[in-house]
Structure formats: structure tokens, C-alpha cells
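Structure record follows, encoded as C-alpha cells.
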Amino acid sequence: MNKISPSIEDALAGIEDGMAVMIGGFGGAGAPIELIHALVDMYKKTGSPGSLTVINNNAGNGAVGIAAMIYAGMVAKMVCSFPRSSDPKAFTDKYLAGEIGLELVPQGTLAERIRAGGAGIPAFYTPSSFGTDVAEGKPVAEFEGRSYVQERWLKADVALIKAELADRKGNLTYRKAARNFSPLMAMAAKTTIVQASRIVEPGEVDPEHIVTPGIFVNRVVEVANPQQEEALLREGAN
Amino acid sequence: MTTKLSNAQIAWRAAQDLPDGAYVNLGIGFPEMIAKFKPKGREVIYHTENGVLDFGEAPPAGQEDWDLINAGKKAITLNDGASFFHHADSFAMVRGGHLDVAVLGAYEISENGDLANWSTGPGSVPAVGGAMDLVHGAKQVWVVTDHVTKKGAPKLLKQCRLPLTGVACVTTVYTSLAVVDIRNGRFVLREKLPGMSLDELQALTEAELSVEGTVKDLVVPEV
Amino acid sequence: MNKISPSIEDALAGIEDGMAVMIGGFGGAGAPIELIHALVDMYKKTGSPGSLTVINNNAGNGAVGIAAMIYAGMVAKMVCSFPRSSDPKAFTDKYLAGEIGLELVPQGTLAERIRAGGAGIPAFYTPSSFGTDVAEGKPVAEFEGRSYVQERWLKADVALIKAELADRKGNLTYRKAARNFSPLMAMAAKTTIVQASRIVEPGEVDPEHIVTPGIFVNRVVEVANPQQEEALLREGAN
Amino acid sequence: MTTKLSNAQIAWRAAQDLPDGAYVNLGIGFPEMIAKFKPKGREVIYHTENGVLDFGEAPPAGQEDWDLINAGKKAITLNDGASFFHHADSFAMVRGGHLDVAVLGAYEISENGDLANWSTGPGSVPAVGGAMDLVHGAKQVWVVTDHVTKKGAPKLLKQCRLPLTGVACVTTVYTSLAVVDIRNGRFVLREKLPGMSLDELQALTEAELSVEGTVKDLVVPEV
């Protein structure tokens, strides 16, 4: 068993037009910048993969990461909780022009829907959004005297995530708050593609400390010294 | 005589009510300011929905680690005893009733505790973040806000007009003029600025301000 | 903030007749033997707490742990997936005599119901038990062409669990497969009481390695060199 | 001539079908035996529902760590790359479709893939464990079983009579006489003991055994 891909391009093989792509990261922490930018390059060169549905907490910031995907024109729809970030121009312009779709999902519901997708739970009830416009059209039920909204699982064809350590069996650790949605997305995608800052031998990470067991991971590519989205933005990259 | 509290003063006042040993989530922006005014000697453990418990102050400029941020995307530091976890576990803490206090900003609050703080209506890009989760689950949901809008219209209403964030969820409102608890579908006035009569305050409040017992003076230092 | 209790008795204070008590452990791994036996002693001395509902994967083995609670007569009902273990006499005799209740829950559903209790999810759908006697009386719904059973959250008044390391803020790690249900139960109980093999200072455990953050924990008591249920059973303890 | 396979031989036969790189859960008891017969050169990663992935063989007697056990409460060891997780994550692996193969024992299997393996009916203590979860989610659900009961009655039925573990979940049955796939609500015979005619096998099977293409000989070494 060897899940290590020799290159980023190999790791990204098979991502097709119209797919749903979960992308790890919250704000600038945890975004798999190198995977994303390689995918953007691929789209610019070949016109594919386009018409993607992208699932992330935000909708891109500045001109890097998901914003670069939006500027390239490869994103048909965002599923996110907070498309207003400090510099959301990429998304905002397209959204107001009607050129990109948006499914707005409360952040905790987004996390729980992704976990449900990974855990084989097709639907669950949450108090979040009850009585609000966001719950419109969703079934509502009362349990123990309180009202809840039914939410469905969320799955994807592909997850692109960033890890700190990985081994050939796909076991992962993360770095600080860069963990965020990534362990959930790894569970919920058919193909989970990981850029890891360092590849180690199986057994080097204590079994107690592995955050994502390899069963949830399909491909790993080493990206030493990865770019950090927030740092890029602060440097004014575009 | 103070005519109204500054945001910092509202944050100071809210901070005085932080219970010792509480687990607290401070919403991004204005509510984050509360941490600065935590009374000495009280231990408060801060939760941020992007997966960190027990974080500390901002690091000095230039020493930020951008993998270590809060929900407002600001760099933070860790206290001894901090922990990291993924987003589903983080919102289990929120939704599962494990937080003692969540503090948010508001456009409007209704007397039954409805909160509107995420959308000013059509025409803009909607963004909700974690607010719809944070208003549920925490044992107390506080709002910090100016008492009236920039145009002088009341924000404490009989019913919210803007899209709701949550229904019957707010427990206390700390405003620029008063501290108002929400009990049994009514605004109950706990404190008001000493220079202001109840009638004057009521004139700036759409829904009725109930009084149960003594209304204390809202006294806040310069901060 | 100091969640350390000076003694097991202090840690267990406030457990009352009729409460629902989650107890960590799967088979003989992870059972908080010292907490359980102190509770049994308390019951034998004072007649309280009795009529407990006990939630665990099993229903006691031999004469130690939950089996000791059953023999003492303090358990009114078990909620578990597998009440047949290698030596289930304590439960079997009472069950067949109609003296103890049983709510049988498939193991994965039990885990998910406890997690749901901790996560504020009042109900969810699972494929497990669909079309079986275990699903009788439960709502059924179809999602994407497949049938699922609606299950409710499971909460408790108290959780008794065993951890490896703990600090005064309640942060926990576990030892190997002794982890099992304990992190879930810590979330789902009003009062979570932990016996830890060693108490450390906050910060001694890397924040990346904490399994149960302190927010889920109320009381911690140090039990150095704790007894291990399976080892006790194999030694023929009773 | 072998008249029927031993349990070890059934386990051997099932083991030959383990795909390289597969994530596999072996039910407690008889199915656990399969690990012993994994063909050399194939890497299989074993999952046990009590929260361990990638475990190895039993430790030598006297060297057990009773905090390191499988779902059958037997002591195990770890391979390099093993991991620990809690029960909800463990069953997310099961229910979420992440296992390639789950193997269980059976009292009865019906031609549409229903499985009965947890209850022999009223009068005993019911115990289901993880079986009702394991039959859902794994890409393939295998059963290893004698072809008939101890009294000689068929176990491969038109409909199960005992309480079900799961509906339409079994994909392949490895018996003491045959290998039978379940496709489109029918038992499809893949292999049978060479010394046995199709009629003889059918006589020991309540539901019809379909044949699609060639039926291979079920040949198993002494083990």
C-alpha cells in the first residue's frame, strides 16, 4: 500500500468538469494552496476541470487559493458559510453579476453535514437556523419541546486538504488551527487528496496522535514548506 | 455626564459579568473586545469555532503564526491547557450546550429574544458564519450593541424586521445606554445610565422595558 | 479553575437514585474500575444511588465493574449493544428473572446516539437496524433511494470514565483501545467524572494530542496504577 | 474426497478473495480466522470497531496488553501505521462506506441478501453488538458459514425465519460446500466442491442456485 503520488499533477488526476470539490482551510489556515494553484493551472491550460462546486467555509480572499479558482472561471457554485471575507472581490463581483451560485450554510451545520456525509448519516436535526430564511423549505420537527431543522449529509467527489505529517498509508496529522474542516472532508469525499508538509514512515507518528486514519485518504503528495494563504495575502500576493 | 457608552465601555460592562471558570465564545469584531476587560482573578476559557479552546492574547506584531488564528482570522496565542479539534467537534461544543456564554453583535433584538445580525436584506452578499449555531446551545447568549441605529432608530424591537439569526435565543443585551435581560418574552431593565430617565430610555426602545425590582445605575469607567 | 477532586468519594458526590450513568469501557479496556467499585461501596453502605440506568457497550462480565453493580442490585436498566460477554451471569440471571431492564442498541447506533447527545443533535438517520426487530416503532425515511431509521440522541446525568493523563482544566488523553466510548460519553453527560492514571500540569500535553478538551469534563481524580478489568477477570477476581 | 470444508478451510477460501490494499473488518469468532490465511504479498488493513485500525497478530501469551484488544476482546498487536480513535469515528468508517469488506457469521441468509445472525428468537438474552452496522456501509459483506445447520437444515433460504440483522446486505457467502454470490436477489453459484453435483448442492439449499457461466471447483488445501 503506497498512497504517495510522485507529483502534484499525478495526485490531482481524474478531477472532472462538474465535480463537487471540498477544500480544507478556514480563512487562511489550512488551505492547500499548492494543490489549488496546480488545479487552476490545469484549468487554464486545458479548460478542465471547470463548472466545479466548491465546498469551503469561505469563498476566497484576495486573488489566491479559492479566489484564484473563481477568477479563472472554473467555479460554478460555492457552498459556504461566510462568503464575505476581508477581500472577497473575486466572489462578490461574480455573485452580484449572477455568474456564480451560492448555497449558504451555517458554519456548524456545514461541519456537521460534511461529517454526516463521511459517517453514513443521510440526515440529522439541528437547532441552527430554525425560524430563519436559511431553513426555508427544510423539514422541521419537534423533539422534547424544541424545534429543529432537518439537514442532509454533504459529500463530494474530491477533497483537497493540507496536512502536516503523512505516511504512505495515508495517516495524517495537522498543524494547529489548520486542522479545521480537513479531517471531516477527508471522510466525506470519494477521493481525498492530501498535500503534506512532510512524509514520514508508518509508525513514526504515535498511533494515539494520528488525527485522520489512512482509511479516509487516497493520495498524498509531499509539499515541503507549503505556502500559507494568510501570509500570501498579507504579502499582497495575487 | 456620559450620554452614551463607547463600544469599549459596553465591552467593559459585559466583561464584568463573565463568570469565573466560564467557557466563552466571543463573536468576531466588537464582542472580541470583551476579553481585554475581563476582571482580574477570574479565569475564563475562550473557544473559537475554528477549533481552538483556551487561547490567549494576540501575539506581538511580526510574531504571528497564521495557522494559529481565531474565527475572526486574527492571530492568537495559546494558554497552557489549550487544545485543537476539528470543526464538527468545535460545533458540538457550541450546539451541545457546553459553552457558558456566547457574545454576538446585533442589528436588531426583539423582546422575545429573537436576534437579527447576519443580513441587511437583499442586494448584498449573505454571510452567516457561525452565528446561527452560536445562538443555540450556549447557556447564555449576550448581545453587545449600540442602543439605537446610526440613524437613531431603536434596535430593541417588538419584532425584528431584518432576517433572523435565531429565535428566542438572546438572554441579555448590553447596550450603549442600558443592560437589559430577556425573561419570559419581555425586556427586563437591569441597569441604565444614571443621567437618563426611564421615559427617555423607553423613547429609544420600541418594545416595553419592564422593571422588576430596582434598576441599577450603569456606571462604567473611562476605558 | 481546578477540576481535581481530592478523593474518589468527592468526585462521585451527587449521584442520585434513578440517574442515567454512562460508563466508559469496551469489554475490559477502559472501564473505570475504581470509580465503579467506590460507587458500589457507597450503595452497599447507604442504599444509594440505586435504580440506575447504566449505559455501556456490554452488561458486565464476571463479578467486577458493571457486573458488581448488577450483583449489588443498584442497576434498574442496561442500555447496551452486547449483554452477552464471556461471563455474563450477573446480567443474564436478573434479565431472565425479569429483574433488570434492557434497551438493546446496535453498537454503532449507540456510539452515534451518545455523540448526538453531546453535539446537540436530537435525532439522526442511520441504515443500521432497518428492517429488523430493533427498529420496531422507530420512524423510517427514505433518502436517495435507500431506507433509514430515525434514532434519538442519548444523554446521561453522569459519565464515569477512565483517562490516561488529565490536567486541572479537564483535558484528557486515553490509553490505546481504552479510548472507545469515553470521549463521546464525556460530551453527553451533565457531569463527567474522570479517573486519570496521572495528573499533569496544563500544557504538559501537546494541544495537538488532547483527545477530550476540558470543556467536556467536570471532575478528575487521580487513580495511579488503576485496575484493568480484563486483567482482573483473568486473575479470577470477584 | 472432501465431503465438506472445515471452518478453517472456509476461512482459507474467503481469505483468497481479500483484495490487496483492502480495509477489512473480520467479525468476532469464526471470521477472525480469515486473517491467518491472507495470501502472502497482499497488504490488508484490519479494522476493529472498538477503535483500532491496522492491527496485527495476537501477542505471545503473557505479553498481552489488555488495553489493546479487538472487538472479540482478544489481545492484539499494532502494525506500523496503526491508529486509535473513538467509537463514533470507528462506526463512521463502517457506516460511511469506508471499509472494503466486512465478514460475518450467519444463522441464515436469504437469496436477496438478508442476514440473520444475532438472535435465535425469544428466551435468550438478545445481543447484537456491531453486526447491524457492519452489514451496512462496507462495499462487500461476506458471510462465512456451514452450508447447513447442525441438524442438516438449509441456511441459504428463500426468506429468513430468524430475526434479521440486515436487509439485502450480503454480497457473497462462503460455505462448507460452495461459494455463492448474491446478485439481483438471487444466489449465483460461483464455486462448488468438485465431488458434489449441482443437484446434490441444490438439495441442501432452500432457494434456487443460479448458474451464470461456469461453476468452478471449490478446491481448498488441508489447513
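The first chain written gets the first letter, and so on, giving A, B, C and D; residue counts start at 1 in each chain.
The rule we apply is simple: a contact is a pair of C-beta atoms (placed from the backbone, for glycine too) under 8 Å apart; a residue touches a chain by one contact, two chains touch by 3 or more.
It should be emphasised that the depicted structure is a prediction, and the values quoted were computed from it without experimental measurement.
Taking C-D and B-C together, the pair of chains sharing more C-beta contacts is C-D. With centres set at the average Cα position, the gap from chain B to chain D is 56 Å. A separation of 30 Å divides the Cα centre of chain A from that of chain B. Averaging C-alpha coordinates per chain places the centre of chain B 36 Å away from that of chain C.
Residues of chain D in contact with two or more other chains: 84-85, 88, 91, 94-95, 136-137. Listed for chain C are residues 112, 115, 119-121, 126-127, 174, 176, 207-208, 211, each touching two or more other chains.
Pairwise, the chains that touch each other are A-B, A-C, A-D, B-C, C-D. Residues 1, 115, 117-121, 167-169, 171, 187, 201-203, 207-208, 210, 213-216 of chain A touch chain D in their complex. Per the touch definition, chain D reaches chain A in the complex via residues 20-21, 23, 43, 45, 47, 53-54, 78-85, 88-89, 91-99, 136-137. Those residues of chain D lying in contact with chain C across their complex are 48-52, 65-69, 71, 73, 84-88, 90-91, 94-95, 114, 119, 125-133, 136-137, 163-167. Residue ranges of chain A in contact with chain C, taken from their complex: 112, 116, 119-127, 141, 143-144, 146, 148, 152, 173-174, 176, 207-209, 211. Per the touch definition, chain A reaches chain B in the complex via residues 26-30, 57, 81-86, 88, 91-92, 95-96, 102, 104, 106-112, 114-115, 126-134, 174-184, 211, 228-231, 234.
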